[in-house]
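Notes to accompany the following structure.
We call the chains A, B and C, going by the order they appear; numbering starts again at 1 in every chain.
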Amino acid sequence: MLECKNLGIQFGGLKAVDSFNLNIEKGMLYGLIGPNGAGKTTVFNLLTGVYKPTTGTIRLDGKLINGKTPTQINNIGIARTFQNIRLFSNMSVLDNVKVALHEKVKYPLLASMTHMFGFNKKEKEMDELATDILKVFSLDDKSDTLSGNLPYGEQRKLEIARALATSPSLLLLDEPAAGMNPNETEELMETIRQIRDRYNLTILLIEHDMKLVAGICEKLSVLNFGTELASGTPSEVLNNPEVITAYLGE
Amino acid sequence: MKVNKKTIINIVIMLLAYALVFVLINSGVLSRQYKSLIVPICVNIMLAVSLNLVTGFLGELSLGHAGFMSIGAYSSALISIALSNTLPPALAFFIALLCGGILAAFFGFIIGVPVLRLRGDYLAIVTLAFGEIIKSIINYLKFTGGSKGLSKIPLYSDYRNFTVVFIITVITIVLISNLINSRDGRAIKSIRDNDIAAESIGINISKYKVSAFVIAAGFAGIAGALYAHNVGIIKPSIFDYNKSIEILVFVVLGGMGNIPGSIISAIILTLLPEFLRGADNLRMLLYAIVLIVMMIFNNSKFKSSLSLNKTFRKLGKEE
Amino acid sequence: MLINFIEQLINGLRTGSIYALIAIGYTMVYGIAKMINFAHGDIIMVGAYALYFSISVLGLPVPVALVITVIVCAVLGVVIEKVAYKPLRSAPPLAVLITAIGMSFFLQSASLLIFGSTPIPFQSVIPNVNISVGPVVISSITVVTLIVTAIAMILLTLFVNKTKMGSAMRAVSEDKGAAELMGINVNSTISLTFAIGSALAAVAGVLYICQYQSMKPTLGALPGIKAFVAAVLGGIGSIPGAMLGGILLGLIESVSKAYISTELADAIVFGVLIVVLLFRPSGLLGKKKIVKV
């Protein structure tokens, strides 16, 4: 469903990502790994339109999407989370999810300003949809908390919930388990698997910790210095001598 | 409108406020001086609430709000001067207000172009420049009366017509508060909190930024129109940079993103000069100190914006 | 006709060099503290009043009064930074901007309370004689303004590029964290920047007041904002940009006043700002920035 060919971007003279290829099939849980500064987040930024690629193409279900804005790309069906959490921290947990239902449940500006013309019905619909998603992450009892006041782990979960609310077909998770303890990580990985099945998602996730991804992903790509080092099933990749060198050094 | 406890409390507060002012006007307790402040208070409330939409909820500093106000004031004044002999006052006033609001909203749309391309400091400066450009053009044009201004504007929004002004003010507050707590309002707040994340969930940032400016400008225009028909004489120098800052002070003191706060601080700061009679210079100094102290004092808890916030939240409806 | 045009250009050059002196302060502070110091324009006003106070009230000789003026402004700049901006270094930009606006308002209203709103006439400290160069008449004040500005700019350029403190300033504006790790005292570098910027504003204030010979508390506001326009025009953060921007803006203003309309001159200047920001937000000599996600 997602196909990148010869993807590359330059900042000044620096090639942050170079001739990167990626092919993800529908329903797959795909891992993108690599050492710090390998260009993983840059790949996400390219896929979501934050950066415009200097070379190459990105196709979602066969349709070319590079050159589109982040807003358009989300509307097409790619949602993401961020490595450095970007919640709407002065808004409640519920509102963080409701704002992401923006395209799904609509009513006109006139209804917004008057709170009439079907406003209550639509808002109720939004509340229900949002609560359903929050339940998946056990956040439904914190609906009214300001999202900025949540503990770190729950902020990460809320970000995934918010991304899910936009009904994506492809979900990009940028280090979803960063800063979590082993128990929390395990639990989160389980939730990720669950939401994939429940919402018919394809998931691409960035992780640092190779063992962790190996347990959950069906396929991996390893990025180093902006280029692909290896790709394949976890066992193929983890036994690849080049990958081992890149991670452990000489 | 959802009928719940909060709505009922708000309606009660509004009715009480109306009754209070009504009694004060008609019982003769108020001197002329104070009576003449009633409409300006409403005007300032409308200005503060509409600026709060841009500054408190969208998160962009606008230093040209007085510019939008002046467009509403001038256009409505010109219209009602032209119509005063042909149409009944109520109709003429209505048309003037509507046109004032629409024209100001249109200028809000024009400023939308820079709004989309700039943010933060640069946008603030551009709004300032925009306000100054409007002022110099009004100063330059013949039909606006140049620097001498326009006079003999029919006094449709005199304190004797307080009811009309009050209703318009309440409508403004209700519409903007409703907007904040709606699908579109959430989109606007999400841009303030994190524009990159807002884009990532498919929010059309451009549309909402421009909408917020257009709506705020429209209400500022109506406020300007009420002002013009209250004082009867307007000059370009009234709508200068200092007026924009004064509106900003209302918003900052009341709490950014806090509508009851804006209302209360607009009331207090409009009345204050009357208590500080003869010390108008002191008022400006006070504004300056309010801005600095509020920002430094609340830096650590900027997100809840201002300490007064919490107190104000208990007093009225949330946001 | 041609002579008139040349005289207008020289006028523009004079106003422009005052703008340039002020614009340098904006641009240096922006480069190092990433904020628009709204109060910067009002430092000019403080400079003008300090000069007036030293000469007319204290009766000091002119050279002493000039030194005092520069010192007062430099110290004021540093104090403003310490009191109002330093506590907000990690605050959202909106908070810093509002504080800066508050500071500008504070200086204006404080001097309004002290000196009143009636303009105070002030005799130029530069003897005013007209110098004829062929058919073109130039006032001595203009000549002095141009010379002083040129000297100030040369000294500043040498300071920033050739001294250790200058390179510390450049380092801090490039990357605060890295500069700190290299052992540069960031706080004192920022203070120094404010001091230099404000001292230049004092010089601009003196030149300005010699030209207009009348003082009121809001005298710094408009030249301040215009100098900011100049800094943006030249590319904010760039010192040569501020010089170029200031002079260009002075020329634009002077030519618009002479050939289009006095009332619209300000609107034209602000129009220039909007156009520059829309089409070349990094200014003439500025660098482009990449937003990191």
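Everything below uses one rule, namely that a contact is a pair of C-beta atoms (placed from the backbone, for glycine too) under 8 Å apart; a residue touches a chain by one contact, two chains touch by 3 or more.
Chains and their UniProt names: A = ABC transporter ATP-binding protein; B = Branched-chain amino acid ABC transporter, permease protein.
Note that the structure is predicted; figures quoted are calculated from it, not measured.
Trainee: Which one chain sits nearest the middle, judging by mean Cα positions?
Mentor: Closest chain centre to the overall C-alpha centroid: B.
Trainee: Determine, using the mean of C-alpha atoms as each chain's centre, which chain is farthest from chain A.
Mentor: Comparing chain centres, C lies farthest from chain A.
Trainee: Take the average of all CA coordinates in chain B, do the same for chain C, and state the distance between these two points in whole angstrom.
Mentor: Between these chains, centre-to-centre, one finds 33 Å.
Trainee: For chain A and chain B, let me know how many angstrom lie between their CA-based centres, rounded off.
Mentor: 41
Trainee: If you average the CA atoms of chain A and of chain C, how many Å lie between those two points?
Mentor: Once rounded, the distance between the two centres reads 48 Å.
Trainee: At least two partner chains per residue is the criterion; list those residues in chain A.
Mentor: 50, 82
Trainee: What parts of chain B, by residue number, touch at least two of the other chains?
Mentor: Within chain B, the residues that touch at least two other chains are 196.
Trainee: By residue number and range, which residues of chain C touch two or more other chains?
Mentor: Residues 293 of chain C touch two or more partner chains.
Trainee: Touching residues of chain C toward chain B in the complex: what are they?
Mentor: 35-36, 84, 87-88, 90-99, 101-106, 108-110, 112-113, 117, 221, 225, 228-229, 232, 261, 263-264, 266-267, 270-271, 273-274, 277-278, 281, 293
Trainee: Looking at the complex, which residues from chain A come into contact with chain B?
Mentor: By the definition above, chain A touches chain B via 48, 50, 69-71, 74-75, 79-80, 82, 86-91, 95, 98-100, 102-103, 105-107, 109, 111-116, 119-120, 122-123, 126, 146, 148, 162-163, 165-166.
Trainee: For chain B, which residues count as touching chain C in their complex?
Mentor: Those residues of chain B that touch chain C are 55, 59, 61, 63, 113-114, 117-118, 120-122, 124-126, 128-130, 132-133, 136-137, 139-140, 196, 241, 245, 248, 252, 256, 281-282, 284-285, 287-292, 294-296, 298-299, 302.
Trainee: Under the definition above, what is the set of chain B residues touching chain A in their complex?
Mentor: Touch residues, chain B against chain A: 1-2, 175-176, 178-179, 181-187, 189-190, 192-194, 196-205, 211, 257, 303.
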